[in-house]
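After this come two complexes, each holding chain A, first together with chain B and then together with chain C.
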Partner chain A sequence: MAVFGPKANLAVNAALVGAGGLFLTLLLMIWVVPVSGYNTLERYVPVQPVPFSHKHHVSGLGLDCRYCHATVEVSQNAGMPATKVCMTCHSQIWTNAALLAPVRQSLAEDKSLRWTRVYTLPDYVYFDHSIHIAKGVGCTECHGPIGDMPLTWKATTLYMSWCLSCHRNPAPHLRPLNDVFDPHWRRSPETPSGAQLMAAYHIHPKTLSDCGVCHR
Partner chain B sequence: MTVRSAILLSALAIALAACDNMANQRKRLPYELPYGEQAKNWPALPPDGVVARDEEPVSPPPVTMSLLKRGQERFDIYCTPCHSLIGDGDGMIVHRGFPRPPSYSIQRLRDAPAQHFYDVIANGYGVMFPYADRVAPADRWAIVAYIRALQASADGRLDDVPPDQRGTLQ
Partner chain C sequence: MTLATDDPGALPIVRPGVTLTSLSETVSGRLLSRRPPLWWWIGFGFASMLLLVLIVAVVNLFVAGIGIWGVNIPVAWGLAIAEYVWWIALASGGTIISALFYLTRSPWRAATNRIAETMLLSAAACAGLMPILHLGRPGLFYWLFPYSTVMGVWPQVRSPLWWDFTCLLCYILMSIMYYYVGLAPDLATVRDVAKGRARRMFYGVLALGWRGSARHWRKHQTVYGIMSAIMAPMVVSVHSVVGLDFAAGLTPGWHSTQFPPYFFFGAVISGTALVAMLTILVRWGYGLEGVITDYHINALGKLVLLGSVMLAYAYLFEAWGPIYGANVADRTEFASRIFGFTAPAYWGKVALNIVVPQALWFPAVRRSKPALFVISGGIIVGMWLERYIIVVSSLHRNYMPSYWGDYYPTVWDWAILAGSIGLFLTLFFALLRIVPIVAMSEVREIIAKDGAP
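And then the complex of A and B:
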């Protein structure tokens, strides 16, 4: 009598294919899923109480970022506009638009609009907008083509490796201070080189990737 | 299992359990809703008569080039949507139907004291909303200085420009 029956080959093959499949699935789970947009929420557009368009207000109308995000130069937080900032114009323009009903309601009831956060950092990361602005990091370096977004989406993974890619080599991400808020800025032949800007801003990459720069 | 290792194991279990939520710590961050005791009395409105920390009045600073530059930058951010880059009241929002503000070069505003512009920035005027929360007192004076520069330039002539810089105007 044979030790292995006629179905033994099938069982071994099935086990081998199964093990291979399991191995590939594990690889996928470990290396592909974490960096996929499904996990990082990259390009994800959260639902907002009002479908605010940066494309219309920034590229179309030419409003400066700081018109609404007024504390971005002086505070860690860029600042979300109070309802009164919206109503500066919308008390006179589009006063009956259904889309803006939540804004009018917010003003009438004296209750803040609760926008959905697009960029979330873990609580152990201490990001500060003002220092990045002061050192010539443009808004679009992290916020992507924000001036062309009809609805706001997350343009980066916000992974620590992504933060470090710039903290270790800041030069390609710097621009002259006058261009920081220009969402369509492109490097031109007249632009000072990254190395020149690093020197001008006193940026020292050696200490820029120390733990304590972002974690306390 | 000895008592000792049981204690060690449970301590480890507690320590690992605490690892879970470092991304969401119980601390107040800007724009996050309060929790616990604070949440009962929310929103916490300041009592009447409270003045914001950075709302301390500043006396008019001497007019310097850097003050004018600062004023120009702040004016371009906060004022140009309605008042336009040159202050004639023909801004982008006015094109979209906002009531047109007066030009800075009319006689009434040329005669107006600097304090008038400061107060309008802080408190608003007519359909203009207050900008006190976005333009700090020192910046208000910078904008006032720049408005005076716009008024002076409104009836400037080519002769007023230094000869070596006239080429840049063409």
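And then the complex of A and C:
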């Protein structure tokens, strides 16, 4: 007596097709899930103690990036402003605004504001702001349209493939040193070409993607 | 290949009295008996305990990190890499017997190939585990896959380590498919012999609707022949590439053109030695004297001897390089290998792999099961020593004298070794209860051809 009837063939075929489909789906997910926004937190807006608007301060009022991020040209870290920097203006204007209560409290208690980090790099990656500024990489190359962000969001994946996309081909991402801090800079006919800028800055892409450049 | 054709009258391939039906009932009956024999419980129990050792050792390794091992600079490759090579060589022996000797139509292969392939899969599982355990960050082993969406970096295709990964992956996948294709008709036999509904369902699903029609057989033979023709060169390439892992390193003692064949010779001797041991044990345990005869033992003994002779050639060449060449580092390393830190292991491997197996020239020794068993066991140990020496000796006497140092495995190194043996035995014993351990369909061919009743 046979154990299986003719219907068993259908079940086996369905199982085989299902297993193949499952395998292909998994394979696809290996590629898709890591680049999904859910995983990269791209365009994600972390909650901050004070809802600081770059759009208002930079595009609206015309503050220079370095007014607050004072060490960006000389240090690995761009630097976050001390509460007293905020208070250069806010001791005069919006002195009673409820939104700014944490800032006043910080000054009164002499305790730093604890901002939530938006761009987190792993410890095994060496990153230095100053060298990027010195070689003509504008703020917006990595931080996106930061001058137009009402609340700060993460503009890139920060994946290694993203870092390498520029380290392997830096030319299109360079600008004259005068324009590095311009949040609305656009390449114009007078702008020196990428190749000219590379030559001026002594950038050699051949060694720029060596492992040891970032993994020291 | 004349290994299998001497004195055919004296040593029957299948004992008289074994018929087509008695064969099916004997082999299937071993699987279908409700209670496994006592030796199986003892063996399986012992194996599971060793497997437990592996689980404890691996959990500790993952939690505490690779620092619990004895590896350090300069000897950064330790027992895990030695055992990787050891296990993959043992696995390769299974393929050599099942694929190479299928192509040569050697009749003794029919009753032993299933044992060889079961050993292959069990050993390949152990081999696949070792490099992952050896990684400082085992969770990132998938970086070996050509997958660049996140990092934007492809694996280094010029590195033998990556060829090795690719070869091993293809080899294991191919071996599983080869095993299964060969099994299909036998699983159908077990299904037909089985009594209970559950067992018939189980083997019925595994047999994938095999009915033994002429069309089934024709397709089966075509596929099996093609797969054998792929597997035979593949196994040569797999172990050669393992050899290249070392040969491509600019390290005295490793950087040698002889490594690919040297490693393949090692695979021949260690793999066939393990198949010989397991064949003797399974033959005794399952009472398969009817189909696994002195003919098979004799053939396996000759193969072990052939491996020993080939390996002796490799050992001579290994010594000849430093002696004939003018490289000081090579000579220093080799001197330390044979007279220094690894000297006991070196002379141990020479004795166990080369000197003792020469006894197999005598037919009486070759056909004596206890003698072949002991010699084969010695070879398995000797081959472990050989891998240990290759890995450790070269690293501990590298070019710079300031960079010299010794290597002492810790208790956790040994726990991984014991545990991997446990994993191998557990898989083998489990498969002994699930798959027909003799390829019935192929033995039937021999019975039919020889005109036995």
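Convention: the second predicted complex is superposed on the first by the 200 of 216 C-alpha atoms of A that agree within 3 Å, B and C clash if a C-alpha of one lies under 4 Å from a C-alpha of the other, contacts with A are read in each partner's own complex, and residues count from 1 in each chain.
Note that in this section a residue touches a chain if its C-beta (ideal position, glycine included) is under 8 Å from a C-beta of that chain, and two chains touch if they have at least 3 such contacts.
Because the structure is predicted, anything quoted here is derived from the model rather than measured.
Chemist: Once chain A from each complex is brought into register, does chain C clash with chain B or fit beside it?
Modeler: clash
Chemist: Quick one: classify A:213 as touching chain B (first), chain C (second), both or neither.
Modeler: Neither: A:213 stays clear of chain B and chain C.
Chemist: Output check: A:160 vs chain B and chain C. Expected answer is one of first, second, both, neither. What do you get?
Modeler: second
Chemist: Return first, second, both or neither, reflecting whether A:200 touches chain B, chain C, both chains, or no partner chain.
Modeler: Neither partner.
Chemist: Of the two partner chains, chain B (first) and chain C (second), which one does A:45 touch, if any: first, second, both, or neither?
Modeler: Neither partner.
Chemist: Would you check which partner chain A:171 touches, where first means chain B only, second means chain C only, and both and neither mean what they say?
Modeler: neither
Chemist: Looking only at chain A, is it chain B or chain C that touches more of its residues?
Modeler: In the superposed model, B touches more residues of chain A.
Chemist: What is the shared patch of chain A, the residues that chain B and chain C both contact?
Modeler: Common to the two interfaces on chain A: nothing.
Chemist: Can you tell me which positions in chain A touch chain C when the two form their complex?
Modeler: For this pair, the touching residues of chain A are 3-4, 8-9, 12, 30-31, 34-35, 159-165.
Chemist: For the complex, which residues does chain B have touching chain A?
Modeler: 22-25, 27, 29-31, 43, 76-78, 81, 92-93, 96-99, 127-130, 133-134
Chemist: What residues on chain A touch chain B, complex-wise?
Modeler: 61-64, 66-67, 70, 76-77, 80, 82, 84-85, 87-89, 91-93, 111-112, 117, 122-124
Chemist: Which part of chain C faces chain A closely enough to touch in the complex?
Modeler: So the residues of chain C in touch with chain A come to 147-153, 191, 197, 200-201, 204-205, 208-209.
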